[in-house]
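One structure is given below, encoded as structure tokens.
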Amino acid sequence: MFFLSAVITFPLLGGLALLFFPRERVTALRWTALTLALVELVLVIVLILTYLQHTISIFSSSYLSESWSWLPSLGINYSLSVDGISLVLVALTALLTTVCIAASFRIERKIKNYMAFMLLLESGMLGVFLASNLFLFYIFWEVMLIPAYFLLGTWGGERRIYAALKFVIYTSVGSFLMLVGIIALGYYHQLAAGVNCGYTLELSQLLNTASSCRGVLGSDIQTWLLLAFAAAFAVKVPLIPFHSWLPDAYSEAPAPVTALLAGAMSKTGIYGFLRLCIPLFPQAVQTLAPLFNTLAVVGILYCAVLALTQTDLKRLLGYSSISHLGVIMLGLFSFNAQGMGGAVLQMVNHGITTAALFLLAGFLEYRTNTRRLSDYGGLAARIPWLAVAMGIAALSSLGLPGLNGFTGEFLSLLGVFRSNVTLGVLGTLVVVPAAWYMLRFFIGIMWGSPRQDGVVTASIRKGSLRDISWKEFWVVAPLLLFIFYIGIQPAFIAGVINPSLINTMQVLGNAFAR
Amino acid sequence: MTNLSLWVLVLPLLGFIILGLMGRFMPRTAILTIGWGACGLAFLLAAVNFINMLSTSAAQRSNDSVIYHWISAGTFSLDFGALLDPLSMTMLLVVTGVGLLIHIYSAGYMADDPGLWRFFAYLNFFIFAMVLLVIADTFLFLLVGWGLVGLASYLLIGFWYQRRSAVAAAQKAFVINIIGDLGLMLAIFLIFAQSGHLDYGSVLAHTFSGGTATAICLLLFVACAAKSAQLPLYMWLPDAMEGPTPVSALIHAATMVTAGVYLVARTSPLFEQSSVALAVVAGIGGVTALYAASIALVQLDIKRVLAYSTISQLGYMFMAEGVHNYAGGIFHLVTHAFFKALLFLGAGAIIHALGGEQDMRKMGGLWGRLRITGVTFLIGALAISGIIPLAGFWSKDEILGSVLAQATASGNVWYYVLWIIGIVTAGLTAFYMFRLFFGIFAGSYRGETATAAEHNAEVNEAKDENTLVTAAGHQHTVHIRYSAIHEVPRVMSTPLIILAVLSVVGGFIGSLALFGLPGWSPLTSFLPSGLHAHAADLPLGLAWISTGLSLLAGVLGIGLAWRFYGKGFGYKTQMQGNPLYQLVFHKYYVDEALNAVLVTPILALGRGLTRYLEGDVLDGGSRGISMVFHGSSAVIRRVQTGYMRNYALGILFGVVVIVVYYAMRG
Amino acid sequence: MPLTAYLIVSAVIFTIGVIGVLIRRNPLIIFMSIELMLNAVNLSFVALSHFLDSVDGQMFVFLVLTVAAAEVVVGLALIVSIFRTRHNIDVDEMNVLRG
Amino acid sequence: MTFEIVSFVVLAVATVATAIGVIAFKNAIHSALSLILTLLFLALFYLQLQAMFIAVVQILIYAGAIMVLFLFVVTMLASDQDELALRNQIPWQRMVGGLLGLILVAALSYLLFTGAQVTGTTASHAESLKQAITTYQGDTQAFGMALFHGFLFPFEVTSLLIVVAILGALVFGRRTN
């Protein structure tokens, strides 16, 4: 079956095809790119339907996995597989790419390259979520970096070069360490499994689930390997103190790119922790869990306090994004069904909410050409529907009960509280500053008395400050829909995630609490 | 029954959705039809349900029905369900009933506001959220309702969103309410971690270990204190008066703020497991009652007087619950909903008639112009002052009685103190209510003769208050001539009259045991027995003492108010020099202290971290590392001389090394 | 004569070529030195071919010859065009790649 | 035997001397002439090693074609610039290069004297050279058979390389306006 390959390569091939378009046919380029993303979305929906009809088990179903020998002597295979966890993230990626491409119609410069890079980025992320060979995982991991770099460095704001360089350096330092870790992991696994077993980078064999070659790594080796892997993932998530690239990157990138980076790409880091670190190094993860938990908690509170005082819209959202990702990390390292299930659910929620917020902030920035919070004020009367959309997204982000953000955070924190009361309390504390800075964000733009002068007032006079257009509405509408849907009825997604989660976490043994 | 209760929930939600999406384009009548219709039908359904419930036997009155499966993860599984039992039914009737009256009233009050559709949409949303809070059958959906009423409150306080003070008040209310949500969330986590369940049935039947029970109850009470504006989380409620007056009546007096009282009553089996938590509830309730009443004594803004009064009365309710008499708390909740809604709506009528004026110093003598409002306001004031036989008397008497009963039963001196606080507060309540009443209605009209000096003083004192002109154009203060003051339209006065009637007769649903009718206690017998079974009994003689004293305190308070303000309100400028007066007038400087201790340092910390840790250390650090590489490459690049022959020499050097290595190895 | 003798001659010529590359600044002479090195290698190929009794060594020499011819053609063309632009053929002057 | 030794020594000395001449003459023309001599002596070596065809080719191509090209360029550039007159920017290069060269030749000689022995016989797939020479009545024919059987592909690739080189030389040599 080539289905998974088709899902991954379709955007890539589509993006390449786009490059053969004449440069002047801007409209055709945009619509073709959107159509490609939509077709990809349809493919993903087909994948979901296929998956749902199948008995849920990892790495066994023939439709939902494929494997081709590539460099067998090095344990490198082209092998893909999908389970509930990757399925929801694949769906998230496809959705967000579609939305972000639709939101990119305003990009004027080099639209052809832009769209091609967006599609390439999608391919990279899908590959990361679907790869079940470590080497392949690494390749897709690096594939993500290239388009992200160009999108940031070419279409970004004033300080785009600085931001892009910082992003690339941070990310690649992390991923080189991961590459070392991958190579060493294969070596130590072979060492532990015995001479008759070949060098393998196949996830199913490394996890000892499908192979007769069982090798259990010593705890020291596990710890070092975990640290190498975690370096790559911690930068991508990001965990503090590896987050320094993020505010620059998120604030300089064009809004749709930021939405895609924050919404989907940050999930690859957490996915790495969940899919690789925890199952591959179960003992080390438990030993080092206090470290990650501490980083997560400090990050949650630290970034929340930072978000309180940011003067730049997108920086504020960037810090809030890190803060919320900390909750996901906490949930992940609680090692119980609620915490981890909540974490995966919250990955989806965070993706949707953050993307919506960044896109809406982008709409606003497009109208006023400023990101400074102090330039805004009292716009709700001028742009009521944009205010409503932004309000919904902000409320979802601050975790208002009944919206999606609450569902995931509640479940994660419930799990955290079960495993460690102190962490649970500290993590839950974040709802207060979260409410505070999101209200500051919303109120600062939409409420209060309008400014007497400044950029925004000028754009009001010019008449360029219009309410949300139909096109923009259709861009964010799916995201808002999901904000409500997951808030009201999360059982469906949780039902997809949980069986796979429990299967994946079997390796944790008794440490994994139901 | 399921279907009916579900519709009570769904109708206001539908109203909200329709108004929210299309209200902007609707004519006034359509907005009113939908807004009133949604709430009215919900009330009707609740009433039908209530009658149905009355016809069943007491054992079958609790009806829990699953609506849909919400989520499951591991051992955690949760359904969304509706619980209809006498307690939630009582709340449901109050919420939808008072809500309906206020919906009707709002049509008049908000008639000129261009955001009418928005207002009704929010009101319907509030009714939905409150109903959800009340009929939820799990702690989680309680939390959902809890958060959503907070949102509704936020939206309505900030209804005039271009007024800076309204925005600040809304933000404050939301953030403090989030602190409450935090408490509730933690309580829920603890409950789940200990019992493995979140539905009321299992949790309330579960026995927690002593410390855990106390922790859970205290966390729950944090939520209650935030929602019901108890010490130390009360600060948002007075500021919430920035919202339109019907909102103050509905949310910040009658219904939402009583959610805390409801929650304690709902989780009474838990509180029964922790005497410490109950003592805290009673203590905080008592202290808050006295504290808020003392602030109310000197307020000049009529809505703020009522706001502090609300806080004080909520304190009474918690006092009752703290001495095991949950039914008494609910009783006071019901009667308070009637007379406080009445008072707020009356105040709204006055403000409406005076074109937005809220300052007592510019009122007076309105008895002659606003007869209906005056009479109903008087009834409300009498009711809250606990004058027999109005509603407030009965419920307050029951509370004071049960505090005294607890005191005698336990012999703990602190309960006597609490009881005395209750009596004193009753006196203070009567005093400030009649100060307010006389200030508004007695004497002569002061609105036309405000001197420049007074005006300045007012500006200085109220510089953070509403002086901004709004887009809605409602709240800007116009001085209206006395002869131009007219009684409010019927759409506003009708709810006043209905509420006045309820304030008169509402007390009779309580116990009349004192007056020789021991069998008559409809509310208590309707509510589950757990809500009053644990309360201590009071001998009839002591009961008479308590009743008499509270009545005496009320009369005394009214008398003093008459003595000072009977001829009209006089603002005594010499009081300004009195430090005690200043302390109370500035609400004990709590807001200022909070700003200085919490808000400013956190913001300063954030700014400092952004600048130094984020900027200099992290950003600077990464730049520093790049400088290291930059610098070292400046050294190393000298190797690249550009002379091709040099490079060739390098190659040769490598070759020689290799060859010599082989030569040495042999 | 033993093989070693031929190889030593080859090594000496090769080293002379190396030194020529290193010490001369005229690119033409550097080129000639390179030719010297190639021929030194050729000598050892032929010698080895003789002593190993195999035609393969000679085959390599033949290929080296053709490659050398091609190299000289391109190299001299380069030198000529450099001389045209710079009027100077000191290799030390061509140091724009200096770090 | 003695003749062989004598001729080898003479040839070796002459070759090395002319090779030194290549790098020692100031004038490039002298160097080129000296190189031609070196190449001729090398051809004699090849003869001595019974590689007739290679010796002829060496003279035809190297001494004939390539060196003509060299001389052509040398005279064309007519470089009368005296290398020594120009300031030597890296004076230490000469000494270090010479020293390293000496070490190299010493180490190589040491290796050759002590370590290098011809251990193998004919490479397994190839025929014996001497047998082939007798079979095909001459060295040239033997060479041709090997070239067009075993080494056809490299041979063709070489021709391609030469074509590319010619094109490259054309491109470089073209006068750009």
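Per-chain numbering from 1; labels A, B, C and D assigned in written order.
Simple rule for what comes next: contacts are C-beta pairs under 8 Å (C-beta built on N, C-alpha and C of every residue); 3 or more make two chains touch, one makes a residue touch a chain.
Just so you know, these numbers come straight off a predicted model, no measurement behind them.
Engineer: Kindly work out which chain lies most centrally, taking the average of its C-alpha atoms as its position.
Structural biologist: The chain sitting closest to the overall C-alpha centre is A.
Engineer: Quick one: report the Å distance separating chain A from chain D, using the average Cα coordinate of each chain.
Structural biologist: 64
Engineer: Please tell me the distance, in whole Å, between the geometric centres of chain A and chain C computed from their C-alpha atoms.
Structural biologist: 58
Engineer: Report the inter-chain centroid distance for chain B and chain D in whole angstrom, where each centroid is the mean of the CA atoms.
Structural biologist: 100
Engineer: Let me have the rounded angstrom distance from the C-alpha centre of chain A over to the C-alpha centre of chain B, please.
Structural biologist: Chain A and chain B have C-alpha centres separated by 38 Å.
Engineer: By residue number and range, which residues of chain B touch two or more other chains?
Structural biologist: 641, 643, 645, 649, 652
Engineer: Among the residues of chain D, which ones contact at least 2 other chains?
Structural biologist: 89-90, 93, 97, 100-101, 104, 108
Engineer: At which residue positions does chain C touch at least two other chains?
Structural biologist: If we look for residues of chain C contacting two or more partner chains, we find 18, 22-23, 25, 92.
Engineer: Let me know each pair of chains that touch one another.
Structural biologist: Final set of chain pairs in contact is A-B, B-C, B-D, C-D.
Engineer: Mind pulling up the chain B residues that touch chain C in the complex?
Structural biologist: Checking each residue of chain B against chain C gives 637-645, 648-649, 652.
Engineer: In their complex, what parts of chain D are in touch with chain C?
Structural biologist: 4-5, 8, 12, 15-16, 19-20, 22-23, 28, 31-32, 35, 38-39, 42, 45-46, 49-51, 53-54, 57-58, 61-62, 65-66, 69-70, 73-74, 76-77, 79, 81, 83, 86, 88-90, 93-94, 97-98, 100-102, 104-105, 108-109, 112-113, 116, 118, 120-123, 126-130, 132, 142-143, 146-147, 150-151, 154-155, 158-159, 161-162, 164-166, 168-169, 172-173
Engineer: Going by the contact rule set out above, which residues of chain A touch chain B in the complex?
Structural biologist: Touch residues, chain A against chain B: 166, 169-170, 241, 243-245, 247-248, 302, 305-310, 336-338, 341-342, 378, 380-381, 384, 395, 398, 400-402, 406-407, 410-411, 413-415, 417-418, 421, 424-425, 428-429, 431-433, 435-436, 439-440, 443, 446-450, 489-491, 494-495, 498, 502, 513-514.
Engineer: Which bits of chain B are touching chain D when the two form their complex?
Structural biologist: Where chain B meets chain D, its residues are 641, 643, 645-646, 649, 652-653, 655-656, 659-660, 662-663, 666.
Engineer: Touching chain B in the complex: which residues of chain C?
Structural biologist: 18, 21-23, 25, 91-92, 94-99
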